[in-house]
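Chain lettering (A, B, C and D) follows the sequence in which the chains are written, and residue indices restart at 1 in each chain.
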């Protein structure tokens, strides 16, 4: 009887808490003006990225050597680059690349990281020790160098960037999740589930992982700008996206040569990176604040 | 962090990867003036034809005796190359850390004292702006503005304090956001604590409450991050070093990757890893000296 | 407060490190040169990349000097005269007397023998042994079968005799190349494997003496007061190593360096030539170097000459030259560029004709076009720029090209096994002889190692013959024919153009002469500074 | 008759939260005489602490004293500037909190914290302050005070911590001590020690005490006068003995019944059914009516006024309408 009671109450409570969690988070988030601005910026960029072919007037890949480095004008709102390609179209199409570069590795690295973190934290023992040593190695390895080495190993290209950044990023997520799991493991509802004879895997997936979600959401949002910048850095080092793909990082690192003669070629894509990264950072901070009571539990 | 397994893991990781990556240290040494005969001969002389395992144990054997061997390309002992580059990177890292603290801590503290006000938003916005720009971009803009247009600072080089200013800001600003976030949330937390109420109940001025009673508590977690951060600057200043022409560790490591210079890459990355591990240990020590609860046991 | 003590300690440590880190740079008669990548060593036998130190700190038996834009002449150097035997095998050099190394000993014939023997000594791990390949006994020495080189002999204190295993016409020109710089026996042996790495272990006879060398940071060369041709005009050369081209550019604009090599920012040539501050200080010279696309005949369908011809026709070289390089150069239709002896100005022109290229592809059995790859070193923007444009042009002609970026080490490793797809490159003359071009690309091993895989016995034979002919006219005839065979008949190589090399100078730099071959590295002996 | 030290009139405190405005204190009036000990009793969440913090001016950014006055030595504390208020806090009025371990700063030594008010209010030098603080620590019964001066709070036990808190509060010899649940977090034996300590110190320093607690036992041992507070208002006021012997308000009765007593042998501890209402949406009529055993129809709609039964007995309940002596 006791077992039954213990199991029912916390579960009901927990669900109630969670339903309230997101609602309240959204309302708290809405009160943060910076975070909302960030959110709108991201939404706008996402829309632009999705509807890129409808929005841009020019083919972002069309080279026209007779129209190189034109100043911003009616025909080319943000001017043209060193190949006579329309900057605005390239930035619009680049939004697709850069958003993907931010989102996909964040998603993968946090996915891997939370799987490792939950396993490691919940099972403990040897598995924990080994997984955490592997995570230590990845964290201790200078991340940009690690990404470079991976890029060299796999070869340049967008999908390899996803792999490299995911590989670099998972360990941090794993640590965050693990430390949360360690404290969750001791809590009542987990004990209750155990007492009920719920399987380990189910406990991890249904009881522990959902409680790590608030911090993972924050981590995710803050990883996105980090990866967008990391791609830019890799492009600077020559192992980023492949031309003529217009990733923003590539646009900046290729355009910086023109800072004297055609500053718009470097200023606009650089500004785009800055704006989007800043927006994600604001949203991440806003989320962190809005989720604060749940993160501290 | 268990130092030894991590270092061994890192050394194996580098070794394996360097052997998976296509590339040939002698071919890249010669670049356009390559000659197939010479490549063969020199590789044999350098022992690059030996099996993987042999080469790894040759390296590790030397490393354990403190000898990382000679850089393939630079033809100098790896340990000396590292010791020459290290002070420069250290200077950059400490200066950058100082900048990130000077921006991050006041911003975080002021934001926390006036949460959700214009002040909060402005200070946090400024510190977060730093982590929203590629370093090479902010560096380029700074060089353009401060060195070229205003002429206040030298463009690049490494010959004294004023040369260090821009790189330190470029690198430090990029980390200030993290520090600011942490200080802010930590101080917000502390300001809710009972002992802050106690302090106020004693009739202390708000300044004294914050400075004497809140700050030390709030900055304890920040200190831990700071030590790790210095270590990561040491290893991660690759781009800053390139843009500002600082002869540091990061450039050494990147060149080593580019030229498949195994001894140099192993040496520099292991050193950087060691620094990160030491940074963590430092953070623990620092934390325990600063926090009486740990200092005197519970 | 313990906490603030910590901060103090960190602050003090920081200040100490900063002030300890370097000394202030002296100004005055200092020529300030930018450098993108550290030269690594002054020993030109063990590196093939940088000629800066060999050209300024060392001398050679003979020198190749610039006598006009793109024109060169071989003149006496450390050897005041020389004799070549009638069969072209024995070279006798008579050394100048009273030439001293920087550390104070006099140059003797033995030093010359030592220098070249050191190059061939397997323990040196020299990378430039090619240039001595023709010396008698060189191969035995390299293979470790001999402990000296048979063909090198000091006849007396000031006379050195070099015997070749057969006649090799370009040998004198080779002796003028930077790799053939002369070292001192005693000093070099004493310096061991640190030779060329530090000021203490570097000594040549050249116009400048290495005084400071901080890896990846700077080099300071000072005038050699006792230089045999007279003290150089400038007191010091400061070489600032800055791996970022934009930083380098800003250093120049901020007046912190004296010479800007527009190779670092080709796109900026119009900026400089139109800028009121700089337009009068732009120097340029033709460069004896050719831009080309390689074709790997091992990769299908490039084994088909029609496909290769189509590729030659599919690139609008004129447009690239005009737009990307602002017309600063000339189209080339062969292998020997302008300025090289035997250059042939009357070669048939390769016309841009995408339609004809398509037709040729169809003829070869590819009516729907051909897929191909263009390889390049990742992030190398001078190549990327060309490749991106060429990629678009090729599309018009039915070639669907993909640009494959590889990092340097992978690029050269793949290339040396003969597996690299087409790539664009430039080859500038090391010495003024067609052999330096033809042999480099089309000799049996080289054609594989540069991923041409152009296996033609006819060509191999002609190359050997060309090396042994001593009559200049006859040699030129041979090379011109060979050029037509390779480029026009077999379409094994896609010539693009030769470019001018553009430099921008600070107004105080006088007497600047761009080197004949268009290298970025040059001797700064003749430069004068006016303040 | 003793003089009034502090006189709270119609005090109202609001907290502004996301969910709505919390009317934590809703028109509270009481006095503390010079040297007297007044208890403020009620369940948690009834506004006791808010009243105390309002007196101290420490409500924080979310709270606000919306009306009323707090006359301390004839001056309205609510009208003082922050700076003037700071000079009163810790010097004239001090406060001791519930959990000493949380109320002491973990990274400063206990002695420093105890001595701090001396430095800021009396301008004592470090050495003087130290000596005085050690004396005070001895006085509150901390053995070996000189060496414990430099220890940190985590090295103190709960009881010792509370003694240190008291030392810190009393070091400037204030006129009024507000003790907010000073014994709640402590063991029963320690509770008794702290209570007797407070008792003796009050005698010696001749200060007044406002004791806030949910524990009638503590009130009984220490106080002269007691205010029973419920949902932001005072529902009963009287002499401790009277209230104990003859609790009037149903809430007071409930509280007393739920208290274990050593004197009479009790069959069963009772609890008051229900919970303290949300202070955001207070019930119509009497605030206590949803939990009241004696609820009448009137209680649902009309809020009872204060009925004075005799000179020193007030109650806020319709039951006593007829017995009004005024």
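We take it that a residue touches a chain if its C-beta (ideal position, glycine included) is under 8 Å from a C-beta of that chain, and two chains touch if they have at least 3 such contacts.
All values derive from a computational prediction rather than experimental measurement.
A.B. asks: Show me the overlap between the contact partners of chain B and those of chain C.
C.D. replies: A
A.B. asks: Determine the chain that sits nearest the middle of the structure, using the mean of its CA atoms as its centre.
C.D. replies: Centroid comparison flags B as closest.
A.B. asks: Tell me, please, which chain's centre (mean of its C-alpha atoms) is farthest from the centre of chain C?
C.D. replies: The most remote chain is D.
A.B. asks: For this structure, I'd like the pair of chains sharing the most C-beta contacts.
C.D. replies: B-C
A.B. asks: Could you tell me the distance, in whole angstrom, between the mean C-alpha positions of chain A and chain C?
C.D. replies: 45
A.B. asks: Using the average of all C-alpha atoms in each chain as its centre, how far is it in Å between chain B and chain D?
C.D. replies: Roughly 53 Å separates the two chain centres.
A.B. asks: With chain centres taken as the means of their Cα atoms, state the distance from chain C to chain D in Å.
C.D. replies: Their C-alpha centroids are separated by 89 Å.
A.B. asks: Check each residue of chain C and list the ones that touch at least two other chains.
C.D. replies: Residues 246, 253, 406-407, 409-410 of chain C touch two or more partner chains.
A.B. asks: Mind pulling the chain A residues that touch 2 or more other chains?
C.D. replies: Counting only residues that touch two or more other chains, chain A contributes 152, 237, 253, 256, 259.
A.B. asks: Of all residues in chain B, which are in touch with two or more distinct other chains?
C.D. replies: Expected reply: 21, 23, 136, 140, 144, 216, 290.
A.B. asks: Mind pulling up the chain B residues that touch chain C in the complex?
C.D. replies: 21-39, 41-42, 45-46, 73-76, 81, 84-85, 87-88, 90-91, 94-95, 97-98, 136, 140, 143-144, 147-148, 151, 154-161, 163-164, 216, 219, 223, 242-247, 251-252, 258-260, 286, 289-290
A.B. asks: Mind pulling up the chain C residues that touch chain A in the complex?
C.D. replies: Against chain A, chain C makes touches at 245-246, 249, 253, 265, 267-268, 270-271, 319-320, 323-324, 377-381, 384-385, 387-389, 391-392, 403-407, 409-410.
A.B. asks: Would you mind writing out the residues of chain C in touch with chain B in their complex?
C.D. replies: Residue positions touching the partner: 1-3, 6, 10-11, 13-15, 17-25, 40-41, 46-49, 122-123, 125-130, 142, 193-194, 197, 214-218, 240-244, 246-247, 250-251, 253-254, 256, 406-410, 412-416, 425, 427, 430, 445-446, 448-450.
A.B. asks: Show me the residue ranges of chain D that touch chain B in the complex, using the header's touch definition.
C.D. replies: So the residues of chain D touching chain B come out as 56, 58, 86-91, 94-95, 97, 99, 102-109, 113, 116-117, 120-121, 151-152, 154-155, 165, 168-169.
A.B. asks: Enumerate the contact residues on chain B facing chain D in the complex.
C.D. replies: The touching residues are 193-195, 197-205, 208, 212-213, 216-217, 220, 290-293, 296, 298.
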